[in-house]
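Below is a structure I'd like to ask you about.
Which chain is which? They are A, B, C and D, in the order written, and residues in each are numbered from 1.
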Amino acid sequence: MLLDDLPVLPVILPLVAAPVCLLLPNNRLAGSFATLVAWIALVLSAMLLHTVAVVGPVEYALGGWASPLGIIYRVDLAGAIVMTLVALMASVTFPYAIESAREEIVPSQTSAFFAMFLIVFAGLMGVVATGDAFNVFVFLEISSLSTYTLVAMGAKRDRRALTAAFTYLVLGTIGATFFVIGLGLLYQVTGTLNMIDLHDRLAGVDNKVVRAGYAFILTGLGLKLAMFPLHRWLPAAYTYAPSPVTAFLASTSTKVAIYAMLRFLFTVFGFNFGFIDVAFTFFLILGLIGMFYASLIAIFREDVKMILAYSSVAQIGYMLLGISFATVDGVAAALVHVVNHAVMKTTLFLAVGAVFYALGSHRLSAYRGLGKRMPVTTAVFLIGGLSLIGVPLTGGFISKWVLVAAAFNSVLAVPSLVIVLMIVASSLLAVAYIGRIAWTMLLEEPVGRQPKPVPMMMVVPMVLMAALTIYLGIDAATLVSLCRQAAETLLSTGLGFGGTS
Amino acid sequence: MSDEQHPDILPEERSIFETPGWIRFMWFFVPGTGLFFALMNIVLAVLHKTHPHFGWLFDKNPVFYGIVGFVSFSFIVLVGQHLRKIVMRPEDYYDGPEATMPRINTDDEVRMRSISLGETDE
Amino acid sequence: MIPFLPAETNPAIILMVAGVLMVFFGPRGRGIIGVIAVALGFLQMYSLGVGPMGDAQMYGITEVAGYEFIPLRLDKLSVVFATIFHIAALVNVIYGWQGATKVEASMGIVYAGSAIGGALAGDLLTLFVFWEIAAISSVFIIWAGGGHAAFKAGMRYLVIQVMSGLLLLAGIALHLVRGGSSEFGAFKLVGEAGVDPVAALILFAFGIKACFPILHTWLQDSYPKASGVGAVMLSAFTTKLAIYALARGFAGTDILIPIGATMTVFPVFFALIENDLRKVLAYSLNNQLGFMVCAIGIGTPLAINGAAAHAFVHITYKALLFMGMGAVLLRTGTTKATDLGGLHKSMPWTTAFTIVGAMSISAFPLFSGFVAKSMITLAAAEEHMLLAWLVLLFASAGVLEHSGIKIPYFAFFAHDRFAPSLRNGAPRPKEAPLSMLIAMGLAAFLCLLVGFYPPVLYGLLPYETDYHAYTLEHVATQMQLLMFAIFAFMLLVRFKLYPPEVRSVNLDVDWFWRVPGRKALMAAVQMTADVWHAIWAALRDITGQVLSGIGAVHRPGGLLARYWTVGYTALTTAAVLAVALLLAFLS
Amino acid sequence: MGHLILRVTIKLLFAPIILFALYVQFHGDYGPGGGFQAGVTLAAAFILHALGFGLDRCQKVIPPGWLPVGMALGVLIYAGTGIYTMLLGGNFLDYDVIQPDSHHHAGQHIGIIVVELGVGLAVAATMLQIFYAFAAREPEPMDDAW
């Protein structure tokens, strides 16, 4: 029974656990319970990943109703990778949050905090697992709504969290609305919401309604994944949310939106959809601009979390760039970067959270001479930073390498060499903003009060993530081949190249 | 080999290499050795034990190497010093006063660096 | 085979791990770890076995995404370089036993490891990785020299080195995309279709590290600014790794002959007028690299043997000379010729060892330089390259001038500036500490060993050789050249034609970016800032007026700005949607 | 007493609204209706009462502390049904396994009614929670109120 239900279990488990968590007392119990759930979900997702890698995509009919009529869950390799990633991030950030939340959350909200955390988790898993277009919207909103709450909970530390959450709420809702309008238009034309069914019925159909729906979905999802001009909710939300929330969101929510985008581009629309190139041109241009724009802004920020948040926007540019190549290599590169970036960003944000725990500030000035006072945290931060730059032997290098290789192997509007040079140049920008922090940490003299010791519960996840960053840089073959396989599935049997053409 | 800008040191502070005798010895020894090897080369050339690759103007000529050594060296020194007219600048040209700043001792574990001129060790 | 290590462990990794470990120990612990690591790495390398040229022993081959990694490739050419790198690392550890700071000691070993890794790398990406690690680890050694000048020089050094790495990476990427093999083999610079841009790019990257003329100034700029210990570490690895890369990738490329010849000549003049003796050594290093580059350009087996042999002996005697100067720096606080002289009276051992190094570099018979350098000149002669041959002879006289005579003469003899009578009774500087003397002795021993018994070296060389350095002809011609050159020196000094030492810096090519380049950069930055400020001020005025207009209607200050942000972003979203719609409808 | 008419009307309507809510709730598995609408209607009754007679009296009947429990319980009933069907060997929310022998899909009816109950409970509790939050003008003072 367990094996048959694998696609749905990691989704409903946190969903069921959330109300239970809400009923628990406001102490460590809630966090421990959430952690336990996350770990079980991780095991389940890993089993799912294994199954999918061995036997191929799995399907699950909700309520026993078969495919076009009922809601089905469909997990292929790309989905399984992202699900495992999300579950991994949850199982790392939840235990971290137990200690960290005591510092950053109003104590009476602790169990609500973890309940919300679990709902975000469930929502993100649901977006990935489902094979129903409308269900994507539902889960996207489940996760977004609870995210707004989580961001707002940062208000204990900084009141600006409230405005950040409000901005996020408004924009997120606009994005969701656009998305659902797009879905509505597609439904009007095809009369179905099942993704594969949509694909079949959309084949060869080309009218204004479909095109409008396409544009709406593109924009809506673009907002959710913080594509360049639509990214403005992200920096404030990441900056003012509590540290574990930031770590979790930065590593998962935009990634899942990227996944949804991939799903819609390649599964729902597919290559025989006449104007799919619009999206690729869009991504190419906006990705490139985003890479530079956000990195440049990051260089001049004083708040470390803000720097990292802008860097996230820049990194999303890399992923969009990979997708825009519209080749197996490109999509694989995007997926590799999704995983690597999630790991390194979590590493960085966990380290930042530890610094906040110890010193109570995110300002760059608080990082002075941290290398002498908090050597472990500094080391972890630097590993994450090096990976962000793309130094060899870290995961980031692998992403960039795969991306550069994909660029060379693609025929694009812009010459490949120019793109490669731009990738290198924007990496140099990353050197600038990470270098600035590293300089402060290592070479300046410590000032101010002595940092509070960071509890083990926070150090261990942090160090684990740093180790994983390096591991991904050394043993790159597994991940790269997995992602390549996933990209192949997405583009072929995932109906990209295949289907009716 | 002292001259006007460099005040003489006391005679008892001279080492053997600074005595007039040693200097006189060098004046015989260096050209003497040079001539000895030149002669040796001439003998080898006469005996056809050399393996020249180029013509008489070059290494077929047994004293060619001596001439090259002498002329090259003189050329380098006599011509090279005029380069100073073009490229020489005061010591603080690039970095200003920083250039002559003392080295910063970056590691207090190691104190050997900070010894200044003539100070006794420890 | 070393029992507790995996069979295919890279010696480079052993050294790098040791380098990291050193951070946690005191000076003595660091020294012990260093010696053990070098010994382990060396044993490990030889336990892997050495293949002849063209039939290398390869280990650890893995394929990732169609790219073949070969972390270890041992053939004669790579092993001779890796061997001398190990020896240099050992000498460095001993030399810095007491004097090396933590950064220098650990980074020095990491740096040595990266050079070894680079030499043993069988594929291009592995080479690139070590290439970059070498750049990054060595810059810490420069910075450890202390002071603002060292910091700035280190930054300049880092920029140039990283640029070399990026060019290399670009070259590799283009090479791979073109379908080239991932194995690091020979490149063809000039093919039927003219100059190959990819090979040129890679050659340029190598050329930066090998100090090609005009690209050379990072060396003279940065090495003298490191500490006494640091300069010794620096002198061995980066440039010789580049020489190895050239020998592997561009043997027999004609363009290297004029480049190498130029490299042997121009530093001679700069060295003549330079006051800082360690900078003299840096120029001398450049000049010696010229011999090797020239030999690689000639490309015959004898020439490649010569280049490898010269790299081997050069590392020992150049390290020896730098060690001598380092000892002088330690005891007197300076290496400026204007402040030195007469040190042979109180530092006899340092003097003796430095003279051994000086005689080696000048290629006196019975010293190691003679054994190697004569191979290169002979290779040029055998190929009947008259001009190159003449230039090399000329440069040999130059080497004698700056390294053979100038260094020992001005540091240890010349005018005695440390006589107690001149310095109000202050005692003379003491002899160098024991650890330094041991290191110098070791290097001097190697110089003499190779000089007396060349087969030690010849056995290591890439190609089989029946070359004999000690024929009467070689000895006679070389001694003739040297003795007459020394005679010229004596005459020039006697008649006061030898230029006096003057406190100064001498401009080199780096002037272009240190002075006008810097000014241009600063001006550009200033201009951008000014323009930006102007635009910003104008924008602020305009928006201020607009906002105060709206603010009169709505609310003032922060609230307005806040809501405006959200609304504005929503507007952006709408605009993006509009663009997407337009595109979708029009396409 | 301007509120008198209002209050009398509210008193008159209160019970019928709740009754109607229950009707909508239980009609849910046959026709238009269901837990969501029922929950809102139910909450509307209490909100109306609170508007007329003051928040305090309403909170005496339904203390604010119950509401999170109600929400959680509602969701749990819903999800629990799904898990129950899974435990019986069916898919998630596959109600047929509850009464596998029935020809009239009795399992479906039972399942939907239970699920709708959960939804109703959760929605009603949430509606009231929102109302309480807005109506209790003064927010709870936070630790570092500004």
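Heads up, the rule we're going with is that contacts are C-beta pairs under 8 Å (C-beta built on N, C-alpha and C of every residue); 3 or more make two chains touch, one makes a residue touch a chain.
For clarity, every value in this text was computed on a predicted model and none was experimentally measured.
Novice: What clusters of chains are still held together by touching when chain C is ignored?
Specialist: Ignoring chain C, the remaining chains break into A, D | B.
Novice: When I count C-beta pairs in contact, which pair ends up with more: A-D or A-C?
Specialist: A-C
Novice: State, to the nearest whole Å, the distance from the C-alpha centre of chain A to the C-alpha centre of chain D.
Specialist: Averaging C-alpha atoms per chain gives centres 35 Å apart.
Novice: Indicate the whole-number Å distance between the mean C-alpha point of chain A and the mean C-alpha point of chain B.
Specialist: Between these chains, centre-to-centre, one finds 67 Å.
Novice: Using the average of all C-alpha atoms in each chain as its centre, how far is it in Å between chain B and chain D?
Specialist: About 100 Å separates the centre of chain B from that of chain D.
Novice: When the C-alpha atoms of chain A and chain C are each averaged to a single point, how far apart are the two points in Å?
Specialist: 43
Novice: Return the residues of chain B touching two or more other chains; collapse runs of consecutive numbers into ranges.
Specialist: Residues: none.
Novice: For chain D, jot down the residues that touch at least 2 other chains.
Specialist: Where chain D is concerned, no single residue meets two or more other chains.
Novice: Residue numbers in chain C touching 2 or more other chains?
Specialist: none
Novice: Just say which it is for the chain contacts: an open line, a closed ring, a star, complete, or other.
Specialist: Here the contact pattern is a line, an open path with two ends.
Novice: Between which chains does touch occur?
Specialist: Once each pair is checked, the touching ones are A-C, A-D, B-C.
Novice: In their complex, what parts of chain B are in touch with chain C?
Specialist: Those in contact with chain C are residues 1-3, 5-7, 9-10, 13-15, 17-18, 26-27, 30-31, 33-34, 37-38, 40-41, 44, 49-51, 53-54, 58-59, 63, 65-70, 72-74, 76-81, 83-84, 86-91, 93-95, 98-99, 101-107, 109-110, 112-113, 115-118, 120-121.
Novice: In their shared complex, at which residues does chain C touch chain B?
Specialist: 26-27, 98-103, 144-150, 152, 227, 268-270, 272-273, 330-334, 339, 342, 344-345, 381-382, 384, 386, 389-390, 393-394, 397-398, 400-401, 413-416, 418-423, 426-430, 433, 472-473, 475-490, 492-493, 496-500, 502-508, 514-515
Novice: Note which residues of chain D are touching chain A in the complex, please.
Specialist: Against chain A, chain D makes touches at 68-69, 71-76, 79-80, 82-83, 86, 89-96, 142-144, 146.
Novice: Could you please specify the touching residues of chain A with respect to chain D in the complex?
Specialist: These residues of chain A touch chain D: 1, 5, 8, 12, 15-16, 18-20, 22-23, 60-64, 106, 112, 115, 155-156, 159.
Novice: Could you pull out which chain A residues touch chain C in their complex?
Specialist: 163, 166-167, 170-171, 174-175, 178, 208, 211-212, 214-216, 218-219, 222-223, 229-230, 232-233, 274-275, 277-278, 281-282, 392-393, 402, 404-405, 408-409, 417, 420, 424, 476-477, 480-481, 484
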